[in-house]
Amino acid sequence: MGIPVKLQAFEGPLDLLLHLIEKNKVNIYDIPIVEITKQYLEYIQDIERQDLDIMSEFLVMAATLIDIKSRMLLPREINEDGEEEDPRQELIEQLLEYKMYKYMSFELKDRLVDAGKSMYKQSTIPAEVMNYTEPVDLEALLDGITLTRLHAIFKSIIRKQSDRIDPVRSKFGRIEKEEVSLTDKIGYIEAYANENGEFSFRQLLERQCGKMEIIVTFLAVLELMKIGKINISQEYTFDDILITAVKAA
Amino acid sequence: MEIQKLEAVIEAVLFAMGNSVEIEKIAAVIEHDIETTRKIIHNMMDKYNAQDRGIRIIELENSFQMCTKTEMYEYIIKIAKQPHKHVLTDVLLETLSIVAYKQPITKLEIEKIRGVKCDHAVNKLVEYNLICEVGRLDAPGRPILFATTEEFLRSFGVQSVEELPIIQQEKVEDFKAEAEEEIQLKLDV
Amino acid sequence: MEIQKLEAVIEAVLFAMGNSVEIEKIAAVIEHDIETTRKIIHNMMDKYNAQDRGIRIIELENSFQMCTKTEMYEYIIKIAKQPHKHVLTDVLLETLSIVAYKQPITKLEIEKIRGVKCDHAVNKLVEYNLICEVGRLDAPGRPILFATTEEFLRSFGVQSVEELPIIQQEKVEDFKAEAEEEIQLKLDV
């Protein structure tokens, strides 16, 4: 794949971050967010056309860094214990944990090499002897299991199954397409205006059924005004709106 | 190398190789001539005769091999033949109860109820002769239907599956309502 | 049976089986309780420490296995083929150490620590039989829980996961001190 980060023996964000921290020779307790973000984005630009998965993971990390950076600019949040919360803390803790496991993985590697020097021996027992199984003793197997117990188990399974049903989502209905189109409504109002010459906006709304129809009617009126097919006038605020058809010259 | 170290090396080599090893090879490893090597191994063979050893070295033409002492045979057979313990795990019990109450039932239906794969559990129950195949469902793929066996009835002391305590459909509905209520209560808090 | 005979039986059994053998099985063969059996084997392990022995017994959780001493490697390798070893990349080792120290653990938790997807690494480790599925977490989606295997213990030469090396507090302090110093240097500039 030739991704530069892969060549440097690391694979992803935390590794990359560690690498950048090392490069900057700073304590992770004092991550210079701005500098790292900048270097980070440079990295992303380098691998732009590479693996989408890695790309998106990088973006998550970049977004986290920018989030932290912007929160640093705001007044510190105070938690329940009355302590100032450092937005970097979470990332720092995550990094420290990662650093520890990385360190431990090197410790383990040494042991792997060492333990690898022990040689084992194949079993010399014939397979048919090893594979011997005693016939199943059902009485012993079912010892203590009564019908009542079996019944209780079944009941709890059914209960668990119904627990798995999401009470909120399971009640969602189907999403249905609203059958009100703006074009149709424009045509309708235009015809209505030509027929009536002058009419009340309120009366027009009263003829509509449903929230969606009212909204589309309102949008249609705005559209007709814009293209100069109708004029509107209103005497007082909150008063009814009078719509007049513009007679074609 | 000291003699003890040489013996250790030979023991390790014979153990790791498993099969017979030519004396030339052993001699090369310990960097001694063949005669000396043979003497060392013969000396080791005497040591292996001790009461507390279960293995020995045998000589075959110009090779040596490590193996167990013949009198150990009965114990080795005993350990190899130790029955693999059969246990009804929770998973097996759950699967069994589903088959018992919903039979005849396909694997897929069991998986739907349990929410996880059940191949292993179904196979085990078939092996224990507690459930068996009773036909195929007339559906795409013609999946196998499972039901409880006569052995199952005998083991639980019932005459027929109709005698099993029944969970009525209403009961299931009750559970659902209950669960929903509980969640509603949590949401209200 | 005399104690010497018991030791001989255990040696023969471990030799013949080759693989790890559970203590329960050994106890059943020598007809003693588990605690006594364990004591006998531990005593044997001390004896195997002798200069002239090339093999030893290792303990893995509740099993025992016979293998060569590590210092014999250089000699055995002269005539034996190198056993096939899987190459553990840094990524695999990291993932493995997270599983080892945090087991049982889900993929998601590993990903949270490493900051990247871990499907490939987890699959490889399962393929190498170093980790395995041990159940499912009782949480939405019932994610699979992973833990290390006996093969892991063997490969890393530890008796049980409790015996894994721990990161010393001083080491952690060292890390901190080191970093602080670096910052100090930076401030001085």
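Which chain is which? They are A, B and C, in the order written, and residues in each are numbered from 1.
Rule of thumb we're sticking to: a residue touches a chain if its C-beta (ideal position, glycine included) is under 8 Å from a C-beta of that chain, and two chains touch if they have at least 3 such contacts.
If you want to know which protein each chain is, UniProt gives these names: A = Segregation and condensation protein A; B, C = Segregation and condensation protein B.
Note that the structure is predicted; figures quoted are calculated from it, not measured.
Of the pairs A-C and A-B, which shows more C-beta pairs in contact?
Of A-C and A-B, it is A-C that has more C-beta pairs in contact.
Just by CA atoms, which chain is the most central one?
C
What is the distance in Å between the mean C-alpha positions of subunit B and subunit C?
Chain centres of subunit B and subunit C, defined by C-alpha means, are spaced 20 Å apart.
Averaged over CA atoms, how far is the centre of subunit A from the centre of subunit C? Could you give it in whole Å?
Taking the mean C-alpha position of each chain, the two centres sit 38 Å apart.
Can you compute the centre-to-centre distance for subunit A and subunit B, using the mean CA position of each chain? Integer Å is fine.
For subunit A versus subunit B, the centre distance works out to 42 Å.
Listing for subunit B: what residues touch at least two other chains?
12, 15-16, 68, 76, 80, 115
What residues in subunit A touch two or more of the other chains?
Where subunit A meets two or more other chains at a single residue, that happens at 119-122, 124-125.
Please output the residues of subunit C touching subunit A within their complex, sorted ascending.
Listed in rising order, the residues are 15-19, 58, 65-73, 76, 80, 83, 85, 88, 90-91, 93-94, 96-98, 100-101, 112-117, 154-158, 164-165, 167, 171-172, 175-176, 179-180, 182-183, 185-186.
Please give the residue numbers of subunit A that touch subunit B in the complex, ascending.
119-122, 124-125, 129-130, 132-134, 136-142, 145-148, 150-151, 153-155, 157-165, 167
Touching residues of subunit A toward subunit C in the complex: what are they?
Subunit A reaches subunit C through residues 9-15, 17, 25-30, 53-54, 57, 61, 94, 97-109, 111-112, 114-125.
In the complex formed with subunit C, which residues of subunit B make contact?
2-5, 7-13, 15-17, 21, 25, 28-30, 47, 50-55, 66, 68-69, 72, 75-76, 78-80, 82, 115-116
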